[in-house]
Amino acid sequence: MMIAAYGLSKFFPIRGAFRSTASLKAVDDVGLKIQNEQVVGLVGESGSGKSTVGRCLIRLLNPTDGEVLFDIPDSELAEYEKARAAAATERLDAIADRFSLLRRSSSELRPLRRLANIVFQDPYSSLNPRMRLADIISEPMLSTQFCSRAEAGIRARELLHEVGLPEFFEDRYPHELSGGQRQRVAIARAISTNPKLLILDEPTSALDVSVQAQILNLLRGLQQKYGISMLLITHNIAVVAYLAEYVYVMYAGKIMEWGDKRKVLRDPQHPYTKALMSSVPVIGETMTRTVLRGDPPNLVVPPLACRFHPRCPVAFEVCGWSADEVVEDLEYLLAGKYYGTFGDGVHVATEGDRTIVVQGTTDAQRISELVAREQEEIRSLKGIKAVDVTADATLIHLHEPIEPDMYPSTDGREVKCLLFRTGALVPAATS
Amino acid sequence: MATVTESKARFDELRLSGKVFLSNKTAVVGLAIFLVFIGDAFLVQVAPGVLGVQYPDSVVPPQFTQTNPECVGTAPEAPSFNHLFGTIQYGLSGIGCLDLLQLVMKAIRIDVAISFFIVLVGAAIGTVVGVVSGYFGRWLDEAMMRVTDVFFSVPFLILALAVGFVIGRTLVNMALALIIIWWPLYARYGRSLTLSTKEATFIESARAAGSGRLKIIFRHIMPNVLPPVLVQISLDVGTVILIFSTLAFIGFLPSNALVPELGAIASIGLDFVALGDWWPVIIPGAVITMFSLAVNLMGDGLRDVIDPRRRS
Amino acid sequence: MKLWVYVIRRLVLLLPTIIGLTFLVFALEHLGGNTLFLAQYINPHLTGTAREKLVEELTAKFHLNDPVYIQYFYWLAAVFQGDLGTSTTLGQPVATGFVWFMPNTIMLTLVASVLTWIISIPIGVYSAARRDSILDQGVRVATFTLYSMPVFLIGFALFIALGTAWHALPDQGNIDPVLLPTIPDAWFDHTNAVSYPTHILPLDAFLHGDWTIAWNSFLHVILPAVALTLALLAGIIRILRASMLEVLEQDYVRLARAKGVPERMVQNFHAKKNALLPTVTSYGYLVSGLFGGAVVIEDIFAFKGIGWWTTDAFLNGDVGVVMGSTLVFGLILVVTTLILDILYAFLDPRIRYE
Amino acid sequence: MSDALEIRDLHVRFHTRRGLYRALNGVNLRLARGEVLGIAGESGCGKTTMGLGVMSLLPRNASYPQGQVVFDNKDLVNLPREYSERVGDRFSPKQNERILRRVSKAMAPIRGRRISMVFQEPMTSLNPVLPIGFQVGESIYVHDPAQLARRVLARSKATPELTRELVSLLAATHGDETSVRKFAAEHDLAGIEEQALFVWSRGDIHISRKEKAIRALSGQPMNFVERWIIDTVVRARSIPWYLSRIPILSRIVRRVLMREGNRKARELLTSLGIHHAERVVRMFPHELSGGMRQRVVIAIALANNPEIVIMDEPTSAVDVTVQAQILELVKRIRTSVSASFIVISHDLAVLAEVCDRIAIMYAGRIVEVAPTDEILHKPLHPYTQMLISAIPTLEGKPVEGIQGDVPDMRAVPSGCAFHPRCPFAFEKCREVIPTDLPHGSDQLVACWLYEGK
């Protein structure tokens, strides 16, 4: 196994008045594996934490929590996973001490930097404007003592040739190059120390389609020639479809689904993956799409349980509806569509986490009817478990949310959605 | 073939920089005036005789009791063909009359040299502190920010007075006092430049490549921080000379120190204002203005050169 | 981020600054041993054993034999009680001097600030909106020159032109000396030339209904105020013009034009407020220059504010006054910057920092 | 029926320190009424310049040496073109700025009212210090202040009896527009009809709530000053000079009218599917997500029922799921609004979804125009063919890049600008600029390969 991450989390502190009181949960409990010589895609929208995962994997950022094992034999990894399942701390530590990237000091890390490198999205800011291309490409070789200065110079020229640039470019400065050419230089730098793993962070999103195709083909060629493992981080699903074998789908800091590319893209299981796939405009196809309402959530206070539930078109009872979410929709309905039934003077408020009080009406019957009628459209109403009456108000009780896990599907992929929980409230895969 | 296009590209960049600077007419004028000042300072240092300057380090000849035969009467003379800038009397008793042009020529050397000295030393200290604290961040950065906050919390002229009051009123101490108030400016500026450079992913690339902190600071951050700092230096020389001469004018330099400094000369001229003589104050002031203006205009042109928006 | 969080954070940051400030002043005062500090309490003509005895007494009184950090706390305690030492030139406690002279300085700087803003906003905005027009070029030349002039030259040019040469305006002091004897003792301390109750002569005369004095002393304010305004003006116009030019190239201004908003409204509504915000922040730095300028201007026009008092003290070796005004000017600047920052946060709907 | 807009041989150049940047080199394009025309091309091919050029919003270093933009039988760029023709090579941005100021004045009644534009970056195209309601309402305030005044006046004149009558009329006719208009005209309540119809057309509230809202449109109290201002503006059909130029008075006038502008903004935003519009209009741009901001910008563009809407990369800066929302919105408004659209994008797939016709741009020229289906399935120009084959698909089919880079527009290749990258280029391509060759009934292609076919 090239790299395997378990329970990777990265929280960024938010500055408050005195010290950080809250944190942005950019990556939360992410697991990810890349086999030797394999290309794995990590897809997600902006702000989903996919770039943070890439940076944490090679310790450009120190994760808040989790474990990253690098270049570990499969047998040892199996051992590790067994120990992990059994929570055998000692055995865990024994293996992790040898393969964990997070347990390395920065001096121990330096030789390992030869084996993994990264290519960034913006080719304009990823090359130092005040360095010659030859120096830019040589930097990793010299910093990791991969070879001598003289050899690095020769190899830099070879690498320029390898990525399809003329050798005399070695004396140029980045601003003399076009975006595509810069990205080629960034790739040359990344592969200069013959790494086994390459993190590609949106390698083509700043480029035009015609140039993007050139870069994709270059990457594919290099991968086939040298057998580099790659993690391809991108928001463009078509790019993943072109290069990767496996794909992870990320949303709001969590992995939602992962599996074989063909299966995930052709037949997505998770509601988010489905919506994502249907959002991608495809040439020459007019389709009916699931348009997600709203925007990705605020990760300082993420939604309860499943982070996708507020936008999920099939979210159900236990997906994580909070009292606030239900109140907002209920209020809107009572004051708008059901104004005729309830009139003025109805006031909805939360009472604790799981209870809602509707002041001004004791007509539980009508409210239950309303909930039953609207809950297919307005999913938050699904969270309502029971409607009670007191002397002067109506009490609404909500279901307890259940945190989804990664549930293995029959065809080898895993989906983080309660629909696939065996023995769930609802039969698996309703749609 | 390759090398030809290569050097041509390099040359084009330089030529473009020149073109951007030259297209700013006022900057060119500034440069010309600046060169006149530098030339004067240089000549006074190397060969004062060429300009007819004697005793470049003192306002008056050493034996200043000796009456100057050129002087007629005790009143300062207004600018005339003989004395382009007019004359002033040193001491109201009419002990000696001094040609203001000569005095100004002497003073320019001191003013230009000291303001460059102040800004360069201040910038060197400040930039290093700023880059280091900006790069390492955390408590070091907090501490640096709080320290500079304190220096910023006193109006600089008053801080300079207080420092001078304590360490003594000499020319060198005046420069020291100004360095003390000047470095925090560069610490802030260097810090903010470092922070924005740190944002660029090439720093992250360097870390991914295994480069150490020192290498990142010297190979990646410094080369990107220095050009704007240099422009700032060129602009600040114009500001420092203003504060410097103002301090001297207030009386930072005791009048018996006899330092030929433009502000100090203007304050000698102060004695004649009651008589209705304007030139002893206005001319040294105007010379300071000329220099400051020249430097500001030039700095403006330099800023255009490094501004990518102006280049396109 | 909410506004109050920002304000609290800003206030918290104020503390180390103020502590640092007191520390700086204390260090300056005690840096060169005790002589400097003691000078304010000892008659320079006193010699021999009498002097030694006095030194000993004072050393004990101010705990000068204790370790420096202990001395600092004694000093700080004294400062908190308003004891800033004694002024040898004034023959009064330093704190009293500040009470007397501060109002004049505050008036001068306030008047100059208000004048500056009133004049610079329309000029800066119009000059940027009509980039490269004759007017803009004139403004640029004028501000560039003014910006490059030392404060004393600005002051003196006015002094000579309007005061000495044309006698258009009075140029020395706070009031015509001829009028001094006519001021009743009831609200004027003739020994120290201090008026009551506000210590601002035109205002006090106005309060007491003495129109001659009020008018005359008002005339004395004009030249220093104008000189200070000129010294400050160029900086603000330059910043405002530059940020206005930048704002005028923003996408949202282009969208306003695409909406068909007339150019006049684009400038006054869409661009001006956005351009003023960064100008307000930069004004924090300019305030430092404003106080420095006030020192010089007061000196030139012999206008009795703390600036004039400080330079006088500086030249006459009056340590208590120099150190005291460093501390006091420092505190004023800190508070002014705080107010400006909060004002900025209040004006900008995107309250964000760091 | 004549075209909504015609661009004839439009050239635009930018005078930069690095030389003359030839952004547009003879663009010919017709926009039919009611159609949605897509413009596709790589970055730097002049798409955005064309959009801004039509609006005369180009910066001051842009010159128009040739060409016309004909809208409503008028040439929109004749002033700057005449200037460019007059000075030739001695073009000066400073002089041009004066011309631009005159153009702006001349364009003011057209911009935002008859032709409006949506910009690429929703994050920067809204003013950070003005509330959303102001920014949306303003587009009506500057073009049709009388409309706002009429709305206020109508509410103040309407009696409870009249609004009750209006409710029953709406109920009886199921919200028929003409009868409501007739009713408003009969009772001298011009301005109330659109408010009533808006409430009536809302799908998300109960009928009794609608009735209540319409009944609330009556008897709005006004103080003396407000009444005077509103009356004056309604009578003059615009803001008379003495109300807009006198310093303090103009402020009061703006406040009075913009209060109504805010109300109108609420209606506009609600009709674009924004919930809680009454909350949104009070917010500032930084409080909204990218997708929401783009809706606000679209609302601004549609506020005055323009004849042409130019959308410059409306979805490039937002995520796929939000892009899907915006695309659905655009599809919806193109059926409900009578405007013609020009949609500029680098993403052919986006254009394919919303456009009737697509024009492909390369190096400042249109190289191919055809109905969407033709472009996608029968592309003629080699560039179009290669562009389509470069797009990766979900099936992961092999992609082909185009060799080389976009040409430097300071030194455009001779002849067909695409010839250095074109595998089919022959002698003529290097020397002669291809003309637009018609192909079939509705396809135009600028390529010598199709000469004589």
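For reference, chains read A, B, C and D in written order, and residue numbers begin at 1 within each chain.
Note that in this section contacts are C-beta pairs under 8 Å (C-beta built on N, C-alpha and C of every residue); 3 or more make two chains touch, one makes a residue touch a chain.
Just so we're clear, the structure is a prediction, and the values are computed from it rather than from any experiment.
*Asks:* Show which chains lie in contact with subunit A and also with subunit C.
*Replies:* Looking at subunit C and subunit A together, the chains touching each of them are B, D.
*Asks:* For subunit C, which other chain has the most distant CA centre?
*Replies:* Farthest chain from subunit C, going by C-alpha centroids: A.
*Asks:* For the chain pairs C-D and A-D, which is connected through the larger number of C-beta pairs in contact?
*Replies:* If we tally the C-beta pairs in contact for A-D and C-D, the bigger total goes to A-D.
*Asks:* Based only on mean CA positions, could you tell me how far subunit A sits from subunit D in angstrom?
*Replies:* Between these chains, centre-to-centre, one finds 35 Å.
*Asks:* How far is the middle of subunit B from the middle of subunit D, if each middle is the mean of its Cα atoms, in Å?
*Replies:* One centre to the other, that is 53 Å.
*Asks:* Show me the residue ranges of subunit D that touch subunit C in the complex, using the header's touch definition.
*Replies:* Touch residues, subunit D against subunit C: 55, 57, 59, 94, 97, 101, 104-105, 107-113, 116-117, 119, 121, 124-130, 138-139, 142-143, 284, 286, 297, 300.
*Asks:* Where on subunit D does subunit A make contact in their complex?
*Replies:* Contacts found on subunit D: 42-43, 204-209, 212, 275-276, 289-292, 319-325, 327-328, 346-350, 352-353, 376-377, 386-396, 399-403, 405-406.
*Asks:* Spell out the part of subunit B that touches subunit C in their complex, as residue ranges.
*Replies:* 26, 146-147, 149-159, 161-167, 238, 242-243, 245-246, 249-251, 263, 266, 273-274, 276, 278, 281-282, 285-286, 288-289, 292-293, 296-297
*Asks:* Where on subunit D is subunit B touching in the complex?
*Replies:* Residues in contact with subunit B: 16-18.
*Asks:* Using the touch definition up top, name the residues of subunit C that touch subunit D in the complex.
*Replies:* 131-132, 249-263, 265, 269-270, 273-274, 277, 347-350
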